[in-house]
Amino acid sequence: MAVPDRAGEVPAGRTLEEAVEAYLRKRLPDLVAAEVRKALEGDPARQTCRIIASKGTLDWAYPPFILASAAAAMGMDAAVFFTFYGLNLLKRDLRVQVDPIGNPAMPIPVPNLVAALPGVRSAATWMMSDMFRKKGVPSVAELRDVCIESGVRLIACQMTMDVLGFKREDLIDGIEVGGAAAFLNEASRAHVTLFV
Amino acid sequence: MAVPDRAGEVPAGRTLEEAVEAYLRKRLPDLVAAEVRKALEGDPARQTCRIIASKGTLDWAYPPFILASAAAAMGMDAAVFFTFYGLNLLKRDLRVQVDPIGNPAMPIPVPNLVAALPGVRSAATWMMSDMFRKKGVPSVAELRDVCIESGVRLIACQMTMDVLGFKREDLIDGIEVGGAAAFLNEASRAHVTLFV
Amino acid sequence: MAVPDRAGEVPAGRTLEEAVEAYLRKRLPDLVAAEVRKALEGDPARQTCRIIASKGTLDWAYPPFILASAAAAMGMDAAVFFTFYGLNLLKRDLRVQVDPIGNPAMPIPVPNLVAALPGVRSAATWMMSDMFRKKGVPSVAELRDVCIESGVRLIACQMTMDVLGFKREDLIDGIEVGGAAAFLNEASRAHVTLFV
């Protein structure tokens, strides 16, 4: 219907629909953008962190446990999938070592001929653990406990268990066993996805 | 324009704009939230998986091919970008090896002095391949075929080809050649982004 | 208020508010859906790239700097978090090396007994740098400068600095120092998240 126009407010002969439409076109973008921002704040992908832990040495044990526990402390839904060498990190009898051979980026780089000598691997492992301990960083076993206590889901890769011959009782309590596909499905709903 | 008010219906002097505005204030949040939920459900980022394969050894050949083929089997749009050492994995003449030196997380850890002996690299490669084969996991070459057959796009890094002197005919058929920027652009529309 | 009705347009006795509501009920969903689509196109997660650089050797120095500078060149908001061995890459006195030992995927694979000889690490470093230089790829130090100049934020991990005893003046200017939690928080708003 035509809206009785008043000078300067609605063009003469404009219908109600046209007036509403014109107003919406002007107002809606900002209003919707603000609402979308608000809705995205609650996007579950922003609250979800999925990490794959594929390495089983001392040095590469820290990142997944530190990142996952930090994510949990921030209130995120965090899970780590332990696959390949990484399955070591879920062993009941946790023995992770670091080897300085071939890594010129070690805190104290060691020539390979020295790094190859018996005892150097153990020494490097002791030194690295000690360096972290002295600075108050929890041990890998402690970080693993922190993860479980703070609700991080730790998932052992089923295929790796089969291939490497792990039994469920070799691994700690409080964890899950699952497949790569299930984990990928969860990761597809997470913004933070990291392969360590 | 001001709308002539009737008692009990509209506050005195309410304009058309105010009426629209009041309705929007009431209805818009829910409408937008529902639309955002719907859009996020169908968000193509949830259906997209982008992996960078940067390593070229036997052990690190499995993760990109297994993850990408699992993603494709789930109906995701999956692509792997092979760069640096990872370009090895696209070679027509595929020869991937694993070396136990410096990796105390190997299934059967080997002291470095032993690992350095001639023949140990080949033996470790044979053992790892055999372990997987015995458990029914396809070989790397087979996994690569599975990826191509299931629609995973395999992309060779152009810069790596230039730097390492690879020619197109050194690489298998059915792949693409592209740059890091193009790949990043695709990854920016994917939830699952992994650097292996 | 009652809107003067015209046959076929507004039911008799309908108020302006009712007319506006009826129109909005019909029109708003489509308009909102279109606006939401537009707003999501500008989803900041699509424009954001967060990389963790955890390794400090020559070979693993290229990927974070190349990817981050490529992302910045595409107009993305890019940041790299340097942690663990990766902190080396922010040293004022940048000395990154590559070691061929234990890597059968090297461009020119070297038996471990040869790789362990004194001078081989330096030779391999020279060869790899030279290979890149000859193809016009900037050096790691140059790539780092490109990153800073193009607005990539480079962030040193505070905990790593503490544990490894780095002082602020050991690191280059133009960088930030921060924690893993703060970085994770940013990464939770990024589609591209990579752990190198």
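Going in written order, the chains are labelled A, B and C, and every chain counts its residues from 1.
In this section, a contact is a pair of C-beta atoms (placed from the backbone, for glycine too) under 8 Å apart; a residue touches a chain by one contact, two chains touch by 3 or more.
Because the structure is a prediction, the values reported are computed rather than measured.
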| item | value |
| --- | --- |
| Fraction-based call for chain C against chain B, same above half, different below | different |
| Angle of rotation relating chain A to chain B [CA atoms, steps of 5 degrees] | 115 |
| Chain B and chain C, separation of their C-alpha mean positions in angstrom | 15 |
| Touching two or more other chains - residues of chain B | 16, 20, 24, 28, 32, 36, 45, 101-103, 116, 191, 193-195 |
| Chain B residues within the chain C interface of the complex | 3-6, 9-10, 16, 19-20, 23-24, 27-28, 31-32, 35-36, 39, 43, 45, 52, 54-57, 83-85, 88, 96-103, 115-118, 120-121, 159, 162-164, 180-181, 184-185, 187-191, 193-195 |
| Residues of chain C that touch chain B when the two form their complex | 1-2, 15-17, 20-21, 24, 28-29, 32-33, 36-37, 40, 45-47, 49, 59, 62-63, 66-67, 70-71, 73-74, 76, 101-107, 111-113, 116, 131-132, 135, 137, 191-196 |
